[in-house]
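These notes open a run of structures that come right after.
In the two assemblies presented below, subunit A is common to both, partnered first by subunit B and then by subunit C.
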Partner chain A sequence: MSETVAADLVLLDQPFTAPGVRIAIAPAMMRYALRARDPAVLSAVIGRVLPSRIGDVVDGIACLGPDEWLALLPAGTVLENETGQLVSVVDVSCRAVGITVEGPGAVALVATGCPLDVERMAVGRATRTVFETVEIVLWRKAVDAFHIDVWRSFAPWLGAALVAGSPS
Partner chain B sequence: MSGYRLDKGGRIDRAVPLSFRFDGQDFRGFAGDTLASALVAGGQMLFGRSFKYRRPRGLLATGVEEPNALVTVDRGPGRVTPNLRAPSVALHDGLIAQSQNRYPSLKTDFGAINDRLGALFPAGFYNKTFMWPRSAWEKLYEPAIRKMAGLGESPKERDPDHYGATYAHCELLVIGAGPAGIAAAMDAAATGGRVILIDEQEEPGGGALADPAQWAWLAESLAKLAALGVTVFSRTTAIGHYHQNFVVAVERLTDHLAPSQAAGPREKLWRIRAGEVVLAQGAIERPLVFDGNDVPGVMLASAGRALALRFGVAVGRAVVVMASHDSGWRDALAMAEAGVTIAAIVDVRPAVSSDLQAAADALGIAVYLNHSVTGVKGRLEVKAITLCHNDDYLAHTLPCDALLMAGGWTPTVHLWSHARGTLKWDAAFGAYLPDTTVENLRAVGGCSGNWNYGDGIVVATLPSPKPVSKQKAFVDFQNDVKARDIALAVQEGFRSIEHIKRYTTNGMATDQGKTSNLNGLQIASETLSKPVTAIGLTTFRPPYTPQTFGALMGHHKDALFQPLRKTVIDDWAAANGAVFENVAQWRRARYFPQGRESMDAAVARECLATRERVGMFDASTLGKIEVVGPDAAEFLNRLYTNPWKALEPGRCRYGLLLNEQGFIIDDGVAGRMAADRFHVTTTTGGAARVLGMMEDYLQTEWPDLNVWLTSTTEQWAVIAVQGPKAREVIAPLVEGIDLSPEAFPHMAVREGAICDVPTRLFRVSFTGELGFEVNVPAEHGRMVWEAIHAAGQEHGIVAYGTETMHVLRAEKGFIIIGQDTDGTVTPDDAGMNWAIGKKKPDFVGKRSLARADLVREGRKQLVGLLTRDPAVVLEEGAQIVVDPAEPVPMTMIGHVTSSYHSAALGRSIALAVVAGGRARMGQTLHVPMPGGAIAAEVVSTVFYDAEGSRLDV
Partner chain C sequence: MLLIHCPYCEEDRPEVEFVNGGQAHIARPADPSSESDADWEKYLYIRRNPRGRHHERWRHIHGCGRFFNAVRDTVSDRFETTYKAGEPAK
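This part shows the complex of A and B:
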């Protein structure tokens, strides 16, 4: 990283591999920020089942807080919305970029900057957390595969930080 | 030349010889040596010069407590590290090290004159002597003192190394891999869970490394730990314990290797969260305080033992041990068995156990009970010592070349103290021991006091016929504090150890008093005739040992120092020659020079093009918050000064945000997308702060409101298209929106499509011209930008940057939060009472606006300034006065907040805050500058198109 400055950082244009890890930009997806006091109302509006336990993910919808869900859905998936309901459905598809970290070294790599006990994070769980100073949503998709959702303008930094933390 | 290599013994690998250089001289050592052990083996007893008196100093210890032997290690360009403790530097082939703080050489140091003048430098000397004149401190005294005293030289070259960092979690973290730590790790591993065992030394084992009888057990235990899955890290120092068992440790990865062998990060920062922490840090041996206790060759008995048994090095050919504690005897006996000649054991106690006495007799070692060392002969090395009987002070001289001190043991309670663990005084140990803690933390082994070091007594200073005031008896070796300095501090009225410490600097060196705190405390206690517990106790703070900045920074340097946020249009701007500026975390295009154009020329061109034709601007960094829910309008109504409830869907309103004190803190335009949905914008720098403030009010003040907030800053790319031709430029690209002035008036928002992608199209203006802000999903931002740019070519469109944006808005008198406001400006001060909903029952800051100070006459108000000379552009931040002839200090009535050359007006313009400003319209005020005062007339803040006709098209 020597000799480079922050302005030089760009989004990974192709997957990066190092012993035990592969870092890549995830394909575009639909993202919705979902809020409601009563999950049943939200569930009815969007026509989907919601996870009830914070940190659980059901069909791409992660429960991030007591009244907050984040939907990470395949591109083209549109959630229904209805004005006047006691819910908030906001399309934030372009707000974030997904970065996938895979391989037997994935846990150790995510742990380089994430203060959570990543090793003990159950497969299928998702949570909002940080990687060093940058907010992320971390979703463990398999024993050795993570999806990291990060706001678009922070993605070049995060990608470079993950590359810097990779084993050489 | 007293130290030498023993024929056998030690954990060194004699089959792997290593060569290295110290102060330009060649030395030899073996794999497994430290720089210190190899130098002593080579007969080098002189390691450095002391901090203040420049006295010759040798090795005191073989652990991290070493205060004297600080060296600079040179690993090539940019890799020169000063102030490393020689016993903590692992030897590798080709190592290059230098001593520090000496001139011209270690043996002949001109600064040593300080030692002769020592009586002139008592405690508090610098404070007493260099007080006046005050101005001379920074320029004269401090640099001179720093040059004279000080440690090694700070590196000036860029560090080419990189540093790793990680988090780790475990159920049990054991700090210290001596016998107690290994046992604790073993117990825990057997019951399951993740166990991490860390140790600062080159290899695990702690005190067992200096005890060959334990080596077989050690090897077996380490193998067992590995089999049990315990993670063991050597060369890893736990530097601090923080809340809830968060321990920070630094692992040294490459410094023990020759530079050519080093690969990967130099060090790694471990941030460990542990369910339970076991401290097994052991104890540090205490020096004894007597005249001449710092002559090279006087060291701790534990160091003599480690050198002999771990490194196969004898510290001398005739070694004397001065003890107040049994451990000195044990060390002497072990050294004798390893082949070191022990000339005598001196003990301050009248009697010791018969076992020790018998063992010494069996080895033919002379024993002097009830005796003390009262003097050391030799300057660069020990030549002889003077012994006195404690009762009659009958003295005699004993030739020897090394003197070992055994003053008892100080449990290492540093991390215990970091964890806010309390301590209790233990008279038998003569030290503080861990008592209670709120953390899931326990201490075991030596650092808990639960370790058999044998018996001993605590003596503040050894008995001597000489008064302490005449002795060069050192307490803090690194900061050159003598017993008499502590006595002087007490004599001058200091009573608390916290004050004594600061006055004498005892314990304030880089070693944090590892060998000096307790001796200092004992001396103060004795001088004051008060128990130690009445003198107090100083606090330990992280880091446990000095660390590199590199380790603390980890990856946060160069490009990764901190994130720099760029918009999706940034690449286009870069390719089109933009000059950038950083705004909050964002990088923004400031202007787009054509060819060799200057900033002024580029900005004038961009401004005129926008006023006359059309300009486009990347406004993507504006903060955006989607406010959704049945109570969205009510929420904004309570928060912003403006009325929101009557705003119809499809219309926009400028919003002004105050804090509770009534001062402007943010602004922006919000569009009502639906009855229950607003698209709110904030300033670029205020985005996160405003969202945080909104959430704060929603969760704490108005939890009854059914409204939710979502940051959409990065969802939308925003392209401002401004100028008389703006409508014509975007018209061919827009679908589903009637752009006619009747259907789409100023301050309205429509949803439709542009370039076949969905858009929220705002008709708003921050320039005073007909304007649109095209919001499109970020992934399409670059495409739409380019399409508008292409479509604008026939209309002479220009891309403009933040500088032009600033000029255009200033021409209209639009404020920039944080530039024209500074957190003390009310809406009235800014001339923005029009933005306050007069009929609203409340909004954040409303009550404060009625405070006496906020309604008083003479507050600073935002006004325009026109310099008498239209070519002169005032300096932003410049002060304003009424009478430039007034003697200095003049009465300053305000300052310039914004100032530019306006191409549209062909002259300079400025905004300023001026006391009673609006009542001064037409007055001439003055801006004193180095070249003379500049006269300027107070005018309205709106310089251009005051009637706003240019918007109505």
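This part shows the complex of A and C:
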């Protein structure tokens, strides 16, 4: 990869498999950036339960910070945002790309670039963190399955880095 | 790797998720136009640079995004404690 410059990288156009790991682009989904001082108001506006503890996920809505949530919902899901309330519900569906990493080697692969103690991350938790120098949202969906949400312009590099880090 | 306890996430998180925000507990004067030049300079530029215990602002920029305060030893680089923004100095 040393002769490849970042601009030449292309996003994984088909799933990549290596011993114990499978990397693929996640299907298109709806993403909402949710902000509110008072979670109860936001919860009432969108009609969904919000996780209160940072890192928890409830029905696809992850709590990233004390007043910040990221909703990762199936394509076509629409959240109410014309409310006049002091909350922010912003459609950011096209901002990021989802990359799924699955298989018995998933933990080791994510750990090649993520400084968190990935093995100890509880199933069902999600957090903003970094992979090398790229900011990601890491969601552990199962013991051996991760969803990585990464901003679109970083996605080709991240895909290449995950492929490069896979066992051969 | 250095681990920093984020008081909002309530977890020990890797150092690379954080950025330093300079000395903590510097209050902006309520009425800047009544400040003397010397006092204003002191507020803007004059900072402590202690050898040892230092109160600092840190931001969990690649995590919850929040600023918080920390007490760090500038010699050993050990974090003594961290606490939420707005809480009294420890």
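Following the convention adopted for this analysis, the second predicted complex is superposed on the first by the 166 of 168 C-alpha atoms of A that agree within 3 Å, B and C clash if a C-alpha of one lies under 4 Å from a C-alpha of the other, contacts with A are read in each partner's own complex, and residues count from 1 in each chain.
One rule holds for everything that comes next: a residue touches a chain if its C-beta (ideal position, glycine included) is under 8 Å from a C-beta of that chain, and two chains touch if they have at least 3 such contacts.
The model shown is predicted, which means the values in this text are computed figures rather than measured ones.
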| request: Considering only touches as defined above, state whether A:37 meets subunit B (first), subunit C (second), both or neither. | output: first
| query | Just subunit B (first), just subunit C (second), both, or neither: which does A:115 touch? | reply | both
| request: May I ask you to decide whether A:88 touches subunit B, subunit C, both, or neither, giving the answer as first, second, both or neither? | output: first
| said: Once chain A of both complexes is superposed, is A:64 in touch with subunit B (first), subunit C (second), both, or neither? | reply: second
| task | Determine, under the contact definition given at the top, whether A:14 touches first (subunit B), second (subunit C), both, or neither. | result | neither
| request: Look at the residues of subunit A and decide whether subunit B or subunit C touches more of them. | output: B
| Which of the two partners, first being subunit B and second being subunit C, lies in contact with A:28: first, second, both, or neither? | first
| remark: Overlap of the subunit B and subunit C interfaces on subunit A comprises residues 115-116
| message | Applying the document's contact rule, which stretches of subunit B touch subunit A when the two form their complex? | response | 158, 160, 162, 164-169, 263-264, 271, 273, 555-568, 580, 585-587, 626, 628-630, 674-677, 706-708, 710-716, 777-779
| said: Using the touch definition from the top, list the residues of subunit C that touch subunit A in their complex. | reply: 1, 8-11, 13-17, 62-66
| task | Show which residues of subunit A lie in contact with subunit B when the two form their complex. | result | 1-9, 28, 33, 35-37, 67, 83-84, 86-96, 108, 111-120, 132-134, 151-154, 156-158, 160-161, 164-165, 168
| Considering the complex alone, what residue numbers of subunit A touch subunit C? | 54-55, 64-66, 68, 115-116, 127-130, 135
